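You will see chain A twice below: alongside chain B first, and alongside chain C after that.
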Partner chain A sequence: MANLQEKVSRLFPEATFEEGEILLVNIPDAKLHDLVKSLRDDCGFDYLVTIVGMDWVSSLGCVYYLTSSLSKEFVSVKVQTTDRDNPMIHSIADLYRIAGIYEREVYDFYGIIFINNPDMRRLFLNIDWVGYPLRKDYDANPEINPVSIENERQTDHTDSWVEQPDGSIKHERPRVFKEDDFVVNIGPQHPATHGVLRFRTAVDGETIQKIDVYMGYIHRGVEKLCEDLGYMQTLHFMDRLDYFSAHNYHHGLCLAIEKAAGIEVPRRAQVIRVMMDELSRIASHCLFIGTFCMDLGATTMLFYTLRVREQVLDIMEKTCGARMTFNYDCLGGVMADLHPDFVKDVKALLEVLPKNVAEYNKLFTGNVIAHNRLKNVGVLSNEDARSWAITGPSGRASGWACDVRKTHPYSVYSEIKFDQVVRTEGDSLARFQNRVDEILQSKGILEQLLEMLPEGEYCAKVPKVIKLPVGHWFQVVEGCRGLFGVYIESDGSAKPYRLKLVTPGLPAAAVVDHITRGQKIADLITIGGSMDYIVPDMDR
Partner chain B sequence: MEMRHVTAQGIPYEAWKDNEYIEKLVTELQESGTNVLVGSLDKLINWGRSNSLWPLTFATSCCGIEFVSLGAARFDMARFGWEVARASPRQADFMMVAGTIVHRMVPVFRRLYDQLAEPKYVIACGSCAISGGPFRKSYHVAKGIEDIVPVDVFCPGCPPRPEAMIYSIMQLSRKIKVERFFGGKNRQESQKEFLAAHPIEDVAAANID
Partner chain C sequence: MSNYTIDNFSSLATWFDTMLNDFMPSWLATTVECVLVGVGLLLVYSVLALFYILYERKICAYFQCRLGPNRVGPWGLLQSIADMFKILIKELIALNHIDKFLFALAPYLVIIASVLCFAVLPWGNGLQIIDFNIGIFFLLACSSIGVLGILLAGWSSNNKFTLIGALRSGAQMVSYELSVGLSILTMVVFAGTMDVAKIVEAQADHWFIFSAHIPAIIAFVIYMIAGTAETNRGPFDLPEAESELTAGYHTEYSGIHFGFFYLAEYLNLFIVSGVATLLFFGGWMPFRVAGWDGFNEIMGYIPSVVWFLGKAFVISFIIIWFKWTYPRLRIDQLLTLEWKYLLPINLVNLALMVWIVVEGFYFGQLPQ
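Let's turn to the complex of A and B:
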């Protein structure tokens, strides 16, 4: 960290630094692009984790989190602007492909315009939406933005603010599609989009030319809701983002708050949490296999895979008391101790898993039709995976070893022996096989955890109302679909000043445009399915 | 006159909840009176309709996954004749609104409802569809779907267990059994009243600039 600070201060004397768990670089907007470019090219920060939009009342701004896939080091960059009426910050969309989408999200929530971003539309809200909802002075009066059953206004144009050579800013209105493009609308009500997602697809015959991913059909404003709730109360929303990774997301937010409040978690609780994470992973990947095969026409697979999923849900139900929205991890540990049958049930599950996975492989993976439809379809290169921030099994299918459990171990993962499942093909088949293999990997992890499950407390004593000191914290965990990050900023009160959730779903949907170009439209279903995005997860 | 005991899927009448509601419907039906021939025809049609309800595959969030479980082997809705989930609203009988409906989704949702073929029914499944649920205070969430479409059955839960979903569809089929299609004021008319009270003013106004 000291090296990095020295290097940056040599190149950018105007930068100021805030030491902490993660180095924070304050930089004026004019130098932002140069700084990020030199971080990417010279220091190896090749992965943009997130852009956190912020409203500090006196100023608006962004915090960029970058990490390096080689050194695993994090760095954050902070930019501020005091102009509230017309805030502008330079874009880094040309450095990281995913930045374009993240900047649109910040624009949607805070109204910050990113200079040189080619596509500055709103991301989740209608174009006629009044105000920027995550600003602290947002007027939430429902009469200003009423629920309307009129069709929302559509436009073929986008906005772009381009910096001219003389330094002035010019507003342009480029078209999203070319004038003579043939655009087919897919979704939001379509069985193969896995929820309410819409693709505006420009096709030439059967070949896809461009896809405009249109989101927001399930944008529920979780981040804003959290700002009005106590830390304990924010937890239950984690169940409802990616409902397959409910435990993992809970774990992430708990770790972030516990880190900030200095709460010590008993060892038994840590092991229980990790066990639940891995059980969710098995259930999640099982459902993925089922629905993915169903998209391709193999309806029967759903019944085979849901059999295992129901078995996992039974185990969870006994301990957590629910099938889907568990709300099990709490601050300081878990809500309740394990059910007496837990160990027996998990052992029974682990016993049947290999047989089931062999059956899936026999039925589907080796099938020649499946191979023809999956192999070399939707290839994502390693470099693109990092630029588009595709993590989880999809990123690992492109040869990028991005498993947070290995790269930034949390809880008891550092004591467990397992290997990341990495493939280099980067096609739909590799993404599919990675998930099948991860079921067995989770089995191995669970076996070790059962061995080391200690006796003791399942929850530490924590005060009823938790107040965090002034500051900010960032925590990443591995969800079932990739990296899940939590950014908390506290002003010292019992409510978060800002809670930003970094979800793997958003990049996974955004990249569909990139990897489907030049492919056939029938493969769109395959590719979209193999990315395994969850729509409430991307929209939040 | 003796009260007709409406039941579905062979469940004893006493085991049902909300019998008063169905009894009210039965009384209404009996009071309005009809001749024997048309009444029997009604019964026949209702028997057919209530036993082959086809759902629309419509899911926005968590509840949708429980609906998938409902289709799989353990809960197996094929037992009751509901397994023919249709992706097109033109072929479906009822819509299980499984999940949150947000501002941007409202026009789409309403259009899907309008596209359903008559007779059509709506089950509000889960607390989000009923009232907005945990997201009620959000700036972008509709506070229940009751203002958007007429709802036949409410199924509470977050998400409701698959058993609760089965029960809600059974209640729907019970409701269908006491419907009236010939003579008198039928349900289609009351639906039209609802739609007239919640009009889409100008579809053409949603133009492309």
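Let's turn to the complex of A and C:
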């Protein structure tokens, strides 16, 4: 870290530093692009984890979290602007492809315009929305933004603020599609979008030319809601993002808050949490296999995979009291101790798993039609996967070893032996097979955890109201679909000043345009399915 | 001719015809017969479609560790009837911005094509509605009308999804019509006739799949693949791939208009199976083994209608089995399969069949 600080301060003397868990570099906007470029090219920070939009009242700004796929080191960059009426920051969309989408999100919530971003539309909210909701001075009066009872407005144009050679900024309005494109609306009501997502797809016959992803149909403003709730209460939203990774997301937020508040979690609780994470992963991947095959027309697979998923849900129901939207992980541990049948049930599950996985492979993976449909469809190169921030099994299918359980081990993962499933083909088949193989890896993890499950407390004593000290924290965990990150900024009160959630669903949906160009309409379904995005996860 | 089975419907038909002619003029008798046959045909058509819907739902349920319909009637037997009533009382939703005439015409074209093909099938000994010397040719011609209805449905709905579905369907059916036609032609070469009744008769001792051995088996496999594609069923259900095009060409249809497409789809499944039965498995002929007289006699006691339906249901089961096992192909893979594989194999197979017929390398006797 000291090394990096030295290097940056030599190149950028105007930069100031804040030491901490993760090095924070303060940089004026004019140097932002150069700094990020040199971080990417010279220091190996090839993965933009997130852009956190911030309103510090005195200024607006962003915090960029970068990490390196080689050294696994994190660095954060902070940039501010004091102009509240017309805030502008330079875009880094040309350095990281995903930044274009993340900047749109910041623009949507904070009104910060990113210079040189080619597409500065709102990402989640309607185009006629008044105000920027995550600003601290936002007026939430419902009369300003009434519930619309008319058709959704939409425009064929996008906005772009382009810096001219003389340094002036010019506002342009390029078209999203060419004038004579044949645009098919796939979604928001469509069986293959797995939720309320809309692809505006320009096609030439059956060949896809361009896709414009429309999101935000089930945007609930979780980050905004969290700012008005105590830390305990914010937990309840986590199972409503990616509802298949409920345990993992709870785990992530718990870890972040516990880290900030200095709460020690009993070992039994840690093991239980990880067991629940892995059970979720099995259930989630089973559902993925089923729905993905159903998208491809092999309906029968769905029932074979749901059979296993039901078994997992039965286990969870006994211990957590719910089959979905679990609210099991709490600050300091877990809500309740394991059900007496838990160990027996899990052992029974682990016994049938390999047989079932073999059956899936026999029925689908080995099928010649399935191979033709998946092989070399939607190829995502390693470089693109990092640039688009595609994590989880999808990223690992592109040869990028990005499993947070290995790169930044948390809880008891460092003590467990398991393999990171990595394939290099980067096509839909690799993404599919990765998930099938991860089920077996989770099985191995669960076996080890059952061995090491200690007796003891399942929850530490924590105060009823938790106040975090002034500061900011960042925590990443591995959800079922990829990296889940939590950024908390606290002003010392009992509520988070800012709580930013980094979800794997957003990049997974955003990249669809990139990897479907030139493919067939049927491939859009294959590719969309293999990216395995969850709409509430991307919309939040 | 009737020594094969105990029943012979042609004598019944003759008796009925004589009876009618006894007390009414012949033109009236013919009209009455036509009406009765028409009503009977439509009745059998719809009852069979209802049965098929239940049949497929039950089979796919068992494939998928489910029970299938089991609430309406014993074992859910009345489920299809209840569904039929539901679809009959549903509103035909009037859409704006569509070509109303073509939109309304399309389902009728589809169902008429299907009923015409249906009429050609030899149901049992003497139980056949249309029987003339180019029966197979008539069948092929009629089955081609169906694609017109599908194209019209997709086009007139004024919807991008239905249009893509219709275009896919057009490409698919026109392509696979070739394979269906050629594999049927292969068997026609062997049979030496296009007359449905004569083809069945020729299989009294040996079904064609046995007597014409290798080329017949190749033709059968190709016919099954192409027939599945012709009926737009999985794994060739691209025109209505629900995960891609919602419902394809019939997305905008409601009520009985949708019901027509639905019925025609299931009946086409039966027709494809029926034609396979006719060409390869002896139509309504019982299974006979030369020399096993006792066995043959017992087989002969089973009514011919049961033989025909039984064989058709078994072949339908195989097609349903395809659908609930395989994922769907992509449009380019579908066309590649037809034009690069099935069509050349088919042509070679046709030549092989001609050679076998000329050289006499087959079992049994050919019809003269």
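FYI, the second predicted complex is superposed on the first by the 540 of 540 C-alpha atoms of A that agree within 3 Å, B and C clash if a C-alpha of one lies under 4 Å from a C-alpha of the other, contacts with A are read in each partner's own complex, and residues count from 1 in each chain.
The rule is short, and it goes like this: contacts are C-beta pairs under 8 Å (C-beta built on N, C-alpha and C of every residue); 3 or more make two chains touch, one makes a residue touch a chain.
The model shown is predicted, which means the values in this text are computed figures rather than measured ones.
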First, second, both or neither for A:F364, with chain B first and chain C second: second
Partner chain(s) touched by A:H190 [first = chain B, second = chain C, both, neither]: both
Partner chain in contact with A:K7 - chain B first, chain C second, else both or neither: neither
Superposed model, chain A: greater residue contact from chain B or chain C: B
First (chain B), second (chain C), both or neither touched by A:H408: neither
Touching partner for A:F303 - first (chain B), second (chain C), both, neither: both
First (chain B), second (chain C), both or neither touched by A:R373: second
Touched partner set for A:H514, first chain B, second chain C, both or neither: neither
First (chain B), second (chain C), both or neither touched by A:S148: first
Contacts of A:H236 with chain B and chain C, given as first, second, both or neither: first
Intersection of chain A interface sets (partners chain B, chain C): 190-191, 302-303, 307
Chain B partner contacts - residues on chain A that touch it in the complex: 124-126, 133, 138, 140, 145, 147-157, 188-191, 195-196, 216-222, 224-225, 228, 236-237, 239-240, 243-244, 287, 291, 302-303, 306-307, 309-310, 323-325, 535-536
Chain C - residues contacting chain A, complex: 60, 63-66, 160-161, 164, 168, 234-235, 237-238, 241-244, 246, 324-333
Residues on chain A engaged by chain C in the complex (per definition of touch): 182, 184-185, 190-192, 203, 206, 293-300, 302-304, 307, 363-364, 367, 369-370, 372-373, 520-525
Of chain B, residues touching chain A in the complex: 57-62, 64-66, 68-69, 71-74, 87, 89, 99-100, 102-108, 110-112, 134-135, 137-143, 147-148, 158-159, 161, 198, 200-203, 205-209
